[in-house]
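You will see subunit A twice below: alongside subunit B first, and alongside subunit C after that.
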Partner chain A sequence: MFKRYLNTWSILPIFCFIFFITPVLIVISSLFGEYSDNWSHLYNYVLGTYITNSIYLVTGVLILVALIGVSTAWLVTNYDFFLKNILEWALILPLAVPPYILAYTFTGLFDTYGTANNLVRDLFNLGREFTFFPKARNVPGAIIVFSFTLYPYVYLVSRMAFINQSKSILETGRTLGLNKFGVFYKLAVPMIRPAIIAGLMLVAMETLSDFGAVDHFAISTFTTGIFRTWYGMYDIHTAKQLASLLLIIAIMFITAERYSRKNADYSFAGSVFRQVYLLKLTGLKSFLAFVICFIPIFIGFILPILELSYWAFNYKLDFFNDKFISTAWNSFYLAIITAFLCTLLAIIINFSVRYKNNNILKFLSSFLTVGYAVPGIILAIGVMQLLTFIDSGFIEINIQFVLTGSLVGLIIAYIIKSYALASSTIESGYQRVNKRLDDVARSLKTSGWPLLTSIHLPLLKTSFLTSVLLVVSEVIKELPATLILRPFNFDTLAVYTYIFAAEERMYDAAAPSIAIVMIGLLPIIILTRMIRTSRPASRDK
Partner chain B sequence: MNIKSISIALIFSFISSMVFANEVNVYTSRHYDSDAELYSSFTADTGIKVNIISGKGKALMERLNSEGANSPADIFITVDAGNLWKVQKDGMFQSISSNVVDSVVPANLRGPNDEWVAIAKRSRVMYYNPLTVSAEEMENLAYEDLSDPKWIGRIAIRSSGNMYNQSLVSSLISNNGVANTEAWAHRFVGNFARKPEGNDRAQIMAVANGEADIAIANSYYIGLMLSGKKGDEQRAAARKVNLHFPSQAGRGAHINVSGAGLMKNSPNKANAVKFIEFLLSDKAQEHIVNNTYEYPLSANVAPSDLIAQFGTGFKEDQTSVADYGKFNPEAVKLMDRVGWQ
Partner chain C sequence: MTTLEIKNLNHHYIKGKPVLNNLDLSLDEGEILSILGPSGCGKSTLLRIIAGLEKEKSGSIQINNSIVSDYFHTLPTEQRNIGLVVQERALFPHMSVIKNVMFGLKFHRQKKQEIAMGLLKLFKVDKYAHNFPNEISSGEQQRVAIARAMAPRPKILLMDEPFGTLDHSLTHQLRFETKKILKDNKITAIIVSHDFDDAISMSDRVIVIENGSIKQQGTAKDITNIVREKSIDFSSISEKS
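Here is the complex of A and B:
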């Protein structure tokens, strides 16, 4: 009965997967090992705090991200208002700001003697004991930090989905008496639910796995607990077991989501694309729409850039030299190469899941996706163990070929780390390609490779570009795997920033941080333009 | 050139080949700018190229672990004796036989069998606000005294996730035992002026700003702040505080080290020993003390003036730094139990 799975469309992807999920398996295999005494300590004293803090954090972030991401995406795809054309792509900019950088900005601004509080004191001539802004080093502060740096995940997928949404359904809603808001929350949002949820999954996993920001705010979460167990108790095995629990939670989330839309088909029979008429807002409404879209950009992008520039210009201007150029180039080409390879992989996998209804592959694909919920460095250790294992095999048979500490090894690690981003984007793109198209194509003797290249790829263009964009911005920010797997004397911008930020030398870290943001911006701007022109109805504009 | 040959060329450029050259491979968790200058100066003197991978101590240790016998690493450098202890315990170091090491580094600042050595020292000291705390109150004040109720709401210290605090508590466990240390820590945490936040410099700033009266932080931070490298605001703050060496009537001030260990499978062992000897040379020690404001190992080298002004002949705790690693897991659990965030 396995025969139907054994053909070109499944052997290659399955082979890829056995390779790619090994690091995740290495992490999870810890569950089957021994349980040390440290567990009773964790259980008695800290696990409760870790869990409650993590739950508060993720819940808060998901609510805020959904509100920001979906509402802004709806506004820019359906209305024309003040500066809309700029806001539409500027809303993606916070993607270039890693959460920990925004966390540093927040403490720099809002600590008792931070820039913002000092400014208020100077302006109103108040005493030193007066504090206007509340401290940011707490769970609500962290919720804001994560929400305003991660909402683009939801914004991007929602916008992509709204763009491809059949307008005739929405118009039918209007004729049946729904008002504009009713159309939005009774029709438009439910119809793109899979896309929103896919975005939220990424946000949840990224929030759960983040270490930098919560560590800076000194909030005890599951992730800080993992590191405390590893670094402080010298117990990496228990740390991996804790990380596996995160994995299991992620798997539960994904399964629940899959199950909930088991029988629903979210692709549109009509898939009618027509010229989109943007409703022109004027006066107060136009201004309000502008404010709603501007606030996330201001908090997630403009504020950190202002603070970083202030630090950089005051303290360190000698950064932009030869070393900077080579470092930036390293970040840039690694990101581009990874993004294309990763997106291609995701397309082939998702195609073969769809085309062959291959359930083994579907399971493996989801499995690799949840790897995203593991803190980067734990996953990086899994990758490293895989690479060193292969290396020792090479050395055994006398081949002078070392993956650990090579760029190939680094790219493999990046692909494993960012596969979730690519796959969820491609998957939600595929959900909107009607399956009947495949049947039609097959009846016209177009199947297999030609079906993918000449029918699916053009329809998936927006998803393809979005995926490349997400992976590029992820790789440029990626730190833990880079630190542990890089070759000798090899730096990326993220490494450069970390070296200073780890010591909280934010004035020194400011210039490379700005560089990360700027280098991250290049592909974002280019790709956003391409995504915009890939909108089917706008071609004749 | 066709696509095939381009891709082959690309693939080869991406694979790090094993080159046997005149070099030394260093894994380090010290990431000071000034260290890079130090390495260039070693290359200039000896012609030996220094290859660096920097990262978090524990992550580098995992890489060393899984590379095993195939590891290209010659030397592991870290800023905490606990990490060195752990690598030695896992059997990944070998003895460094060198007359230079024997003559420069005191026995309590070396690992068992000379498998690792300190390259610079720092002390975990107290900083106080002379406007709110008198010199008499500070006289002979020990870490143990900070559990006294007179300090309620007056102490600033960073979170217990920080390894400097873990080492300090480990040294207390090593000297006073777990039960006494836990009783002390319980009252000590009750004296905090605020929930632990920020790094060591933030604690000194808190004293300067009047948020706390006493801060515990490493000795070199005051040098960094006074040097003006961190901006005028920090220099001004640093001038408002005084440095106190704790426990001068008792064990002495807590000492920790930056140290280097020689890897068991070091492919360039001779170069590695030369490199360690270089780090202990007067020239290198001079460079370290004037850039990172740590204390030197070499008796011929004086600490930076910015640090020396607070006193140089202070009594150092002779507890073996290797104990910090041994008691570190217990210290972390103890801090969890007393609610030290």
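Here is the complex of A and C:
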């Protein structure tokens, strides 16, 4: 029994489990320590603001994201209208734009002397004091920024759920007196509610853990508070206590997301499945459907790209200078190293689960994916403390700070944060590899490592590449953990963008921002290819 | 000489609902045995336990007079020297036909190629040696799967519904050819099937399993007579499956 659960293939998952959970435990442990005067100050004067701002932000974002994500998914899944085939995949493009970059372009566009207000003044020959667009640096502005960059999470899950929805149930609704809109909000949406909630929980976690956008808009939330406490008050212990509160909220969202995902299939049980055929819309209806789907793409992708390109080219800045190239190179090699390590870990751990098929390994593998929900800032604090602790062991032999402040910490934090992406990609790749191949290979005297290298790896090539690209784009975008853990004088594209934006040098921030978006587009292109092939209804038509 | 000896084999997935119940079975060298029974009777589980892909709850299994599994130890699949053919064929999709057959051989490359080509000729699929599995028909894929399982000269060849997905005329032809090859090469084999014709036409002996125990056993002729005498409708077994 002991051998069944503890063997060579258990070593890596157990090691990763310890390494993944330790930084989180370090942060949580601060709750049981002493509370300093800084904590009393935070508690009495600003904690309430952090909480109310976070609640306003998350509530607003969730409402807007649900409206955009579900309505666009319903339209592209059930109707045929003007440019529908393009809009269907273009709706996920805003995923390539991190919220902080949209925030930077929003301030550039909508500040008093921003591009949009200047354009209105020039067009209508108005005075310099006239402002048409309101300022974006406030909670409603942040709600719009987060909603238009994060709605694809809900769009993707809703679209998939609508595609798999039984046509028969919807038609039964019509025979029972519901009109088209009634079918949508009384049947179709309630039936996919668990999928929508799972998507919304991801959005809530992303919103809460963001640092770049809220910092740029000067909105006090948990993440900006943690930064201020650490770098302003130089009090890491109180920063950890604040981070623990954020972590508790994140855990609540993770639990809700997991629970919803578990129930995501309930609506299809017992129903006779029949594919949905697309209803052709013409005239004004077709145009309206087009506008509803185009607006999110325009605000979340086209507008920032246009603004960034305008800054980068019209101001004729020498943006391809040595600094930009060295920064891009830093981002690139860091992302590639992380992506390969993360994907290799995901392959070996998923192989262990499949090969040994025991519950402990299944639990460990599933637990490791929780890292994606831990805000980067919390991970960074935990990893830094862990590395400082390990480094303290070297002091005896007169070597100090071997790991702290090195790239090791940064790579560890990235791996913990991105492991879920790699693991889910490899896991879905493995679902397509028939388990009978393993049985046959074992009967032909091939097991363990040779089974992995000669049979599984060649069959997982596409999943491997997809996973690498997804992790690369995630790492390139990551900001808060990078800001804290990067070695001295080591910049990445995200940090470079942040520094320029913090100094309001938006034109200088344009080139690295474009680079981040372009790299982020690579996995999106793969995703859009998958989306095109995931529509049996339209193919059968 | 006895090639396979199974004693008091018990297995269950849910306590109180046995899948295999005190099953005893032996198989002589070169003998072809068919296991018949409805879906869920435990016949595929028995095959997986013999292959070492699942561990029995109790009992013992000997192959060539050495214990491969009992209470104290279990030899992993890769050390049991068995061949496995499954209904889905499970050819490695990223390897050519000849590479599939060479996969289980542990010789130098030229010798491996010779053996593999010889087997492909035997199964009349040598002209597809360098094609990939998706480029040949399902009947040809099944021939390759059997050739691959036979290549390392296993002590026992285990075949789980080997012709289950093929059409009637192809099944008939493959049954005949496979039996001839198995007999010519004196290969001990167990064929699990829910198809009465498969069992009767392929094997020397047939056992019928129901609820995890052997209900009938005898030569193919004996079983045919029992079926006639008792007017058992074996199509119902197929339908259940």
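Heads up, the rule we're going with is that the second predicted complex is superposed on the first by the 313 of 541 C-alpha atoms of A that agree within 3 Å, B and C clash if a C-alpha of one lies under 4 Å from a C-alpha of the other, contacts with A are read in each partner's own complex, and residues count from 1 in each chain.
Keep this in mind: a residue touches a chain if its C-beta (ideal position, glycine included) is under 8 Å from a C-beta of that chain, and two chains touch if they have at least 3 such contacts.
Predicted model, so just to flag it, every value in this text is computed and none were measured.
In the superposition on chain A, A:R258 makes contact with neither subunit B nor subunit C. Of the two partner chains placed by superposition, only subunit B is touched by A:T112; subunit C is not. Look at A:I455: by the touch rule set out above, it reaches subunit C but stays clear of subunit B.
Using the contact criterion defined above for the overlaid structures, shared-chain residue A:N434 touches subunit C, although it does not reach subunit B.
In the superposition on chain A, A:K186 makes contact with neither subunit B nor subunit C. Once chain A of one complex is fitted onto chain A of the other, the partner contacts of A:R529 are absent, as it touches neither subunit B nor subunit C.
Put simply, more of the residues of subunit A are touched by B, taking subunit B and subunit C as the two choices.
In the overlay built on the shared chain, the residue A:R228 is in contact with subunit B alone; subunit C does not reach it. When the two structures are aligned on the shared chain, A:K445 is found in touch with subunit C, with no touch to subunit B. For the contact definition in use here, the subunit B contact set and the subunit C contact set of subunit A share no residue. Residues 11, 14-18, 25, 31, 51-60, 62-63, 66-68, 70, 72, 86, 159, 161, 163, 166, 195-199, 201-202, 205, 209-211, 230-231, 325, 328-329, 331-333, 336-337, 341 of subunit B touch subunit A in their complex. Against subunit A, the residues of subunit C that register as touching in their complex are 48, 51-53, 76-80, 82-84, 86, 88, 90, 92-94, 103-104, 106, 145, 148-149, 152, 154, 158.
Here subunit A touches subunit C in the complex through residues 434, 436-437, 439-447, 454-455, 458-459, going by the rule given at the top.
Residues 38, 41, 45-46, 107, 111-113, 128, 137, 215, 217-218, 220, 224, 227-228, 230-236, 314-315, 377, 380-381, 384-385, 388, 391-392, 395, 400-408, 411, 480, 483-489, 499, 502-505, 507 of subunit A are the ones touching subunit B in the complex.
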